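Two complexes come next, and they have one chain in common, chain A, joined by chain B in the first and chain C in the second.
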Partner chain A sequence: MAHQAHAYHMVDPSPWPLTGAVAALLMTSGLATWFHQHSTTLMTLGTILLLLTMYQWWRDIVREGTFQGHHTPPVQKGLRYGMILFITSEVFFFLGFFWAFYHASLAPTPELGGCWPPTGITTLDPFEVPLLNTAVLLASGVTVTWAHHSIMEGQRKEAIQSLTLTILLGFYFTFLQGMEYYEAPFTIADGVYGATFFVATGFHGLHVIIGSSFLAVCLLRQINHHFTSQHHFGFEAAAWYWHFVDVVWLFLYVSIYWWGS
Partner chain B sequence: MYYKFSGFTQKLTGSAPTAAYSPQGLRPGVPAEAPAMIFASPTKLVSEAGTMAEYIGPNRVPDLQRLFQTSDGVPIHLKRGVPDRLLYRTTMALTIGGTLYCLVALYFAAQPQNK
Partner chain C sequence: MFRAAVRLSFSGVRSLTRTQPGCQALLASRCYSHGKQETEEEFDARWVTYFNKSDIDAWELRKGMNTLIGYDLVPEPKIVEAALRACRRLNDLASAIRILEAVKDKAGPHKDIYPYLLQELKPTLEELGIPTPEELGIDKV
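Let's look at the complex of A and B:
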């Protein structure tokens, strides 16, 4: 490494923005050819290219941060701002779905029977599996904090165990949600109730899967000794994201499952 | 500013005056001696954690740091040699081939269909 007189990271030219953009082109064109010509070739190509790009781009960031030491305190500050802005944008993404839900439910139209839940809809009991899901996500919030303190105190074994427990709780939540979807007495085609319910909880479920994957990558990195007691921003970002997903669930539970039933 | 000893982090933390003057959880008979002050714990690498470090695999980070910090002009995405080049070429082939295939598919999709 050549010596530099400042603490900022001058990134190498990278092919990944280009391959990622082409992956997006293939996927959008792929959707069109899928819908119009019933061919999934372009969609499959685009998905494979996107997965390859994601793997190599994030692999390079780990190399730059952990192996080359480019993630100095000012660079980490930038990463923090980036993650905060990203999560803020996610908050507004979910706000839209809550807006749709409250728009439909606070003043139900005559077509719905003038009531909420709409006439003919049998809702899920909020005090059965959804309450268990709430407990599972809250427990995973505790175990991720346990993992953070273990990393900060250099307790390698405890960090690995608590992080594994967090990921298992995430998988358990996804499994329970899958069972709920399978047994739900309404579908996404059941008017505004089904639409708002499955779009909001479905996108939340997608975020749980993304958060579990993010934490699983952190577990692999912890097993490979990437995190020190002072420098582990990858883990902190995953923990922030996990807490965000947890809070969204609490709003979903209170609004859609409980008040909405 | 008042301080108290946190039993959780084993460090001094800020506290309210009342908590500092009447600490909770003191056992009777133990002399009320302040523990050694630790203002900030030094960076503790997992490799320095003794036997703990060997739990599920040894620490290969220093070797990888040496590998990735050699200045040979190779960009970061190819620095690990053959596996990197293989993945990169597969990705680039898919990028170029996929773009051409996409343009052809979109051209045919734009033609009017004879029924």
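Let's look at the complex of A and C:
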């Protein structure tokens, strides 16, 4: 039987990168087809393929790490670097939308009345639901840290409870934001105010949903005894991502909701 | 001078009825506990220089005006003149007229400040061909 003389993980051949690429192609061309030929078939196909790819690829990583022991310390280090670099790229993604917001709001054009908020825009009161949302996310940051400590201390039940609470808080945020979106007196089409507001908060909301999903997967894995008190990087990655989502919200709240009102 | 006229602050009792343009009031309008205090002349010079930048761009013009209007004062005529000339260089008549509306609003209840400002700016307004909101009839809602 052949053994490797190093601690790294030479991954087995996998079809998921290819299916992921095909999904990306189908989704993008599907988007164009939807716009021009009014058919959503291609795009829907692409989305299904993407979901299948994500499920199977990440399932394989869990198998390789948790069940087959491939995630040695150097491999885990590489995964940590990877997650950090990914989150950094997301920071830059949001930076662009903040740039757009500040470009528009620090120097409002005559079309807006030369003022910010623009003439005719009724902003949301930052001390109502947005403040509650801030409290919800900050609280979820506390509960996810509680979950981490529970895992590290081998407290299985507390880990499950605190992780569940974190996810519920995430859902609560999403629900509240959904209500705000529905009730808002302005839309994405309402000039640069509406555009910057909904694109920035919208992408943030998407990241909350992604983060909640990531945490939900961790909850399932914790219930199924995948994590040990020493080795639970999947959870740590989810927690980092969750904190990132929280920090983005804080910037959104202070910049758009509070200063921008 | 105009900042003293509009300031109702904890820094002391100030006269609210200064209407003499010739007053030299060296009253600091920022109440920091430390650091060098800028004189009114330095403040005015800084803003005139800002708007006099020959290649000022539209964003900088709008940003400057928003920052200036955020202060608790009515800008001196020389600052407003520099801003209006910047509007001329940028072909932005809309902003020029908006600036007049904004400084009128900054004067608040002190109804004598705006006519004084227009009086001082009259040659510039005529030279640059900028109508006032009153002349356009857009000062009434």
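Basically, the second predicted complex is superposed on the first by the 259 of 261 C-alpha atoms of A that agree within 3 Å, B and C clash if a C-alpha of one lies under 4 Å from a C-alpha of the other, contacts with A are read in each partner's own complex, and residues count from 1 in each chain.
One rule holds in what follows: a contact is a pair of C-beta atoms (placed from the backbone, for glycine too) under 8 Å apart; a residue touches a chain by one contact, two chains touch by 3 or more.
Keep in mind it's a predicted model, so treat the numbers as computed, not measured.
In the three-chain model built by superposing on chain A, chain B and chain C fit together without any clash. In the superposition on chain A, A:110 makes contact with chain C only, while chain B stays out of contact range. When chain A is checked against chain B and against chain C, the one touching more of its residues turns out to be B. Residue contacts after overlaying the shared chain place A:33 against chain B, while chain C stays out of touching range.
Once the two complexes are laid over each other on the shared chain, residue contacts for A:187 go to neither chain B nor chain C. Here's the short version: in the overlay, chain B gets within 34 Å of chain C at its closest Cα pair. No residue of chain A lies at the contact with chain B in one complex and also at the contact with chain C in the other. Contact residues on chain A toward chain C in their complex (touch as defined above): 103, 106-110, 113-116. Note for the complex: chain B touches chain A at residues 8-9, 41, 43-49, 52-53, 55-57, 59-61, 64-65, 67-69, 71, 75-77, 79, 87-88, 90-92, 94-95, 98-99, 101-102, 105-106, 109. Residues 1-2, 12-16, 18-19, 22-23, 25-26, 29-30, 32-33, 36-37, 39, 41-42, 45-46, 48-49, 52-53, 56, 60, 63-64, 66-69, 149, 153-157, 160, 223-231 of chain A are the ones that touch chain B when the two sit in their complex.
Residues 58-63, 65-66, 92, 94-95, 98, 102 of chain C are the ones touching chain A in the complex.
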